[in-house]
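All chains are identified by letter, namely A, B, C and D, in their written order; residue positions are counted from 1 within each chain.
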Amino acid sequence: MDNKELAIGVLGAGGNIGQTHSHNIATYVDGARLAAVYDLNTDRANEVAQRYGAQVMDSAEALIGSPDVDAVVIASWDGTHAALATACIEAGKPVFCEKPLATTQADAKAVVEAEQAAGKRLVQLGFMRRFDPDYIKMKQILDSGELGAPLMAHCISRTRSHPKDHTTAQHITNIAIHEIDICRWLLGEELTEVAVRFPRSTCFAEGTCKDPQLVLMQSESGVLIDVEVSGNSYYGYEILCELVCEKGTIRLPVAAEPIVRSYLRCGQAIPADWTARFVTAYQQELQHWVDYLRGKTAAPGPGTADGYAACVVSDALIRAQGSGAWEKVGG
Amino acid sequence: MDNKELAIGVLGAGGNIGQTHSHNIATYVDGARLAAVYDLNTDRANEVAQRYGAQVMDSAEALIGSPDVDAVVIASWDGTHAALATACIEAGKPVFCEKPLATTQADAKAVVEAEQAAGKRLVQLGFMRRFDPDYIKMKQILDSGELGAPLMAHCISRTRSHPKDHTTAQHITNIAIHEIDICRWLLGEELTEVAVRFPRSTCFAEGTCKDPQLVLMQSESGVLIDVEVSGNSYYGYEILCELVCEKGTIRLPVAAEPIVRSYLRCGQAIPADWTARFVTAYQQELQHWVDYLRGKTAAPGPGTADGYAACVVSDALIRAQGSGAWEKVGG
Amino acid sequence: MDNKELAIGVLGAGGNIGQTHSHNIATYVDGARLAAVYDLNTDRANEVAQRYGAQVMDSAEALIGSPDVDAVVIASWDGTHAALATACIEAGKPVFCEKPLATTQADAKAVVEAEQAAGKRLVQLGFMRRFDPDYIKMKQILDSGELGAPLMAHCISRTRSHPKDHTTAQHITNIAIHEIDICRWLLGEELTEVAVRFPRSTCFAEGTCKDPQLVLMQSESGVLIDVEVSGNSYYGYEILCELVCEKGTIRLPVAAEPIVRSYLRCGQAIPADWTARFVTAYQQELQHWVDYLRGKTAAPGPGTADGYAACVVSDALIRAQGSGAWEKVGG
Amino acid sequence: MDNKELAIGVLGAGGNIGQTHSHNIATYVDGARLAAVYDLNTDRANEVAQRYGAQVMDSAEALIGSPDVDAVVIASWDGTHAALATACIEAGKPVFCEKPLATTQADAKAVVEAEQAAGKRLVQLGFMRRFDPDYIKMKQILDSGELGAPLMAHCISRTRSHPKDHTTAQHITNIAIHEIDICRWLLGEELTEVAVRFPRSTCFAEGTCKDPQLVLMQSESGVLIDVEVSGNSYYGYEILCELVCEKGTIRLPVAAEPIVRSYLRCGQAIPADWTARFVTAYQQELQHWVDYLRGKTAAPGPGTADGYAACVVSDALIRAQGSGAWEKVGG
C-alpha cells in the first residue's frame, strides 16, 4: 500500500471503546482519517460522525463494502467480532478487530481460516497492552536476561464495574483475555494448563456472576501465572503485573499522578477506568496498524493466530471454572 | 508473677535466631536479663554467654531445671521444639518457643495436651509478625470495616537462601508457616482448604527441593490466599502482603530506606535477611512475653492453640504437595 | 483559518529540539505536515528532510518567505529567536518559537512590539511544561482550593550536561526560564523579587560556569520559590516541583518506570534527558498550536507576553547573580 | 562507672517530651530505671511517677541533689535548660539535656565553661536525629564517597502546630535547631553564613509569628542548605532531607505505612506528630547515653560543644531574620 492517507470506518463507533478508537483516528493517528462510522444506536453514531466530520453508514455491511472505506475497525460487542472480521476479510479490507477475536474457539478458528483462504495478513487484534510503554520496558528487561529465567507472574486486573448481564465466563473472555495475551507475549511461549478458584464474592457482584476470581495459568516451560480478576473493584481501575525471575523481579509501575499531602494522608489519584491508564497504548496500536498498512513498518501487530490462541486458553479456563480442576489447554 | 526481673535461659543460643533473642533479652527487653544459654555448639554458646555475661549450661535439661532460670526461650532447630517445650511445661517453667511448635500435627498435639495437663498457659509461640507494626496497622484498617469484607490476600515470602538439606516440605513448615499464622490472625478465622502448585524451579534450587512454590489457602468464609514461597530469591529478603477487600485494598509497605539517585537509576536498599526486616517485631514479641509473665498485660501472645492450628494447616499443605489437588485442613 | 492541513517549516531542524519538533509534526500532530526544513548544518537538514519527505530550504529567510510554508517553527539556537520571530511576524506567518523568546529583555520587547504592530496574535512560545499532564493536574488541584493558598514552591531542574561554552547566566536564560514560566502559570501572578546563591560547584562544572545554583523568586502575593538549577547532574534528568499550600502540598510525580528488584536493591530507571520526560508535552504543545491556528480551540498557548515576562525575570536574576542581593524584577 | 543499673531522674517529666523520655527509661532502656521525676505541674508529675513506680521530687534542685538519682534528664521548657544543666554539672551528675542547650549563645557558653571547669564530659544533648536509622544510613552513603562531594541539601521541617506564644525567633531555636545540628553532623563541618526569607504567612499562623520561613545556611566548604520551616503545616508532621552530591542524591524515606487503595485514591497515613516519626531515635539516644555512662561504648553522644555551635548558628539566623541579609555565623 502506498503513502496515501487511509480512510477508516469504525463499527460500533458509539460505544466506549468505539469512541476511543474514533477519536484517536480522527485526532492522533498519522496517515489515517475517520471516514465512516456505524452503530446500532443511530443517535450515538450521528454524534460521533458530526464531531469528527465522518459519514454515518446504514449498516455494518454498507460500511465494510463502501468504496470510501479503505480499512475497518471493529469495536462492536464481543459476540459480533468473528462474523464482522470474516466479512472484512472476504471484502479484502484490512481490519483492526477489538479483542476477543471470538467468544469461542470454534468461531475464532473460522476467522483464521478465512484469513488463510484470503492468502494474506488482513487482521490486527486489539491486544493494546503490547503497545503500552510499561509492558514494553518490562519485556526489554526480561529479554535482556540480566534477571535470569522467569519463574512466576503475579497479575491483577481490577475494573470498577461491568454490565449487569456479564457472566462468570466473561471474566475470562472479556477481562482475563488481556492477561492471556500479554503473558504469551511477555514469555514468548504458549500457556498449557489452567485452573480457576473462586474466593467469596464481593457484595458488589451482580446476579450469578462470581467475582472476583483467581485465574491460574502455566506455560510450556513451567512459568506459573496467577491473576486476580476483579470486575467490581469499586476503588478504581488497576492493572498490575510482577514477573518473578531467578535473580530478581520486574513490576509494572503505578501510573504517575501528582502526590498530594492533605490531612494526615499522602496519596495520589487512581484512574477510574481504562481510558486514563492505556491512553498511549490505544494510540500506538492504531498508529502501528496504519503504519503497517502503509508500509512504514514491516512488523505486523498481534493477528488472528494470537486471537485464536487466546480463545483456546479461554475455553480451557471456562472448562476449569466448571470442573474446579486443572485443565489442559486445547485438551 | 511479681515485679522482679526475670532470669531467662536460651536454648540454641548460638544459631541466628538464638543470637537475636539473646541479644534482645540482654540489651532491649525491659524486666528481663539473659541468665543462661545452651547450644550443641559449645564454642558459640561460650561466645554468646561471654558477650552478655550469662552462664553456659551443659545441656538443655540442665538449663530448664536450673533454679537460676525463671523462663526459657527455645531457639534450637525445628525438630526439637515439641520435646523441649514439653520439658519446660513439665518443669513448670514459662517458655517462649520459636515457630513451629512442632513439625507434625501429632507432635504439636502432645504439647497442647501437656500444657492442658499443667492447667495453665505456659507457652508463647514465636509468631513475631503479630508484633510487627505494619501488620498491626494493616489489621487495624481491616478491622475498622471501612474497606468492607476481605476477599483475597496476595502474599509473598522471599528469602535469599536456605540450608542445603532443606526439603520441599520445609517450604511449608519453616517458611509458609508464618503466612499460615498471620492470615489466621488477620482474618480472625480458620483456614479450611489448601493447595500447592509448583512453577519451574529456579536454577538456585538445591537438591530435590522444589523452589519456588505457590501456596493457596482458603478460609472458612471463603477468603482466598495465594502465597509465593521462594527459598532462593537471590535478590533479597522480602515479605509482602495485600489484603483485597470489597471497597479497597491494604498493602504492607516496603521498608523505609534512603532513596538514592545514582547513574540513571533511583532506588533503595533491600534487606539481605529477616534480621533487618523484623527488628521491632522480634523485640516486641519478647517484651510482650515478659510483660505478660510479670503481669503488666493481661493479653497473652500466640500460644499452643495457634501453634497447633498452624501445624494442622501445614500437614494439609504437605499432603497437597503430594496430591496436586485441593486438600481439606484436618481432613 | 480553515480546516486544511497546515504546511509547517522548521528552522534549526537538525538540532535535538529541532528533530523532536520535526518528528512530532511529521508523525503525531493531526492537521499539519512537515513541509520544509532549514539548518545551518546542511547534512543534518538533508537527513531530516529525507526521513519525513520534506523540502530543504537554502536559508531561514527562504523558508519563512516560501509560499509552500503556512507556519514556522523556530528551533535554532537561543540567540536567533528574536530576529527570526520578528521576520515571521513581518511575513504574516504564524510562528511557534522555542523558549526563550529572546536572551535579553530589550530583544524580547522588540518582538512584542512587532506582533502588536501586526495587530494579531502570531506567536506561540515553547513553554511546553504547560502542556505536561502532571503540571496540568497539579494546577487543577491547586486551583480547586482544597489545599488553601500557596505559600512556597520547591523546584528542582537537573540536566546531565550542557554545552562547553554554557555560561553562569545561561543557567537562567536556558534552564531556569522553564521554572520562571511554569511558576507564573501555576500561581497565576507575576514574580517580583529574585535572588541567586551559589553553592560550591560540582567537579563536573565546565570552565567558569557556576553549577549548581540556587535560584529564589518571590511572587506578588508573597509565594517564595526555590529552584535548584543543576547543569551537570550526572545521574539523570529530573524535574521536580512541590507546591506548599496552607493545608497540604502537591508534588510532581517521578516518571512511571518498571520497578526492578535486583541484587539487594529495588529501583527504577531515571531518564537520561528531556526527550523521555516530556514526550507528551512536546506533542501536545504543537497539537495545541495547530488546533488554534485551524480554529479548533479558541484558547491561545503561551505567547509573546509570556516570553517577555520571562525575559524580565531572567534579567533580574542575572543582575542578582552579580549583586548577591535580592533584586526587584523590572527594577 | 560500673555495670550497675542507673537511677534516672527526669525534670519536666509531665510535658510531651518529658513523658516520652520517662516512658523510654522505664520500659525500653537497658541498664537504667526511672527513679524520680519533677514537674512544675504536680498533678502530671504524680501521674508519671505512679505509672512507672518513680518518686516525685519537690523541686528541680531536690531531684538533682538526691542521692537516689545517678543521672538527670532535662526535659523542661527551653529557657530553663542552661541553668539546670549547670546545676547538674556542679553537682557532678551526668545529664541528658533536651535541645537547645540554651536559647542564647551567651547562656550556652556558660554551660560549656561549667563543664570545662568540671574537667570531664557530663552532658549529652538531645539531638536525637543523629540516632535515627534513616539519617545514619544517609550519612553512611554520603561518607562512602560513591556519590562524590555534597553540594546542596534541601530540608523540610513541618509540624502541625506550636504553642500560641511561639515567636518568629523560636522557629529557629526550637525547630530549625535540629536541621542546624543534623547538617553539621552529616557534613562534618561548620556552618558559616546564613539567611532567612519570609514567604507570605499561612492563615494558620498565630499572632505575629511569621510562618513558614525559608532558612538558608552555607557550610565552610560551600554546601548550601535550604530549610522550609513550617510551624502550622496542618496536614501532618514531616521531616525531609535530600543531600545533593556531585554524582547523585540521597533522600530520607517517608515513613513506611500500609498502602491503602480506597475510592479513587491510593495513599498512606502521615504521622500527626514527632512521637510516631522518631520512636527509635528517642530510644536509641537514651540507650546510647546510658551505655556511655556505664562504659559500654567509648563514643560520647552530642555534647555541649554541639549545643553551643548550634546556638551560635541560631543567633546568626535570628540576626538574619531582622536584617534580611546574609549574616556571618559568630560574626
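Convention: a contact is a pair of C-beta atoms (placed from the backbone, for glycine too) under 8 Å apart; a residue touches a chain by one contact, two chains touch by 3 or more.
Predicted, not measured: the structure shown is a model, and the values here were computed from it.
Relative to the C-alpha centre of chain D, the farthest chain centre belongs to A. Residue numbering at the chain B/chain D interface overlaps substantially, since over half of the positions present are found in both copies. In this assembly, the C-alpha centroid of chain A lies 43 Å from the C-alpha centroid of chain B. Rounded to whole angstrom units, the spacing between the C-alpha centres of chain A and chain C is 37. Centroids built from CA atoms put chain D at 56 Å from chain A. In chain D, the positions touching at least two other chains are 234-235, 247-249, 254, 261-263, 268-269.
For chain C in complex with chain D, the touching residues are 148-149, 151-152, 154, 156, 197-204, 212, 214, 216, 218, 221-224, 226, 228, 230, 234-235, 244, 246-249, 324-326. Every residue of chain B that touches chain D in the complex is listed here, in rising order: 26-30, 134, 137-138, 141, 146-147, 247-263, 268-269, 287.
Residues of chain B that touch chain C in their complex: 234-236, 238, 254, 261-270, 272.
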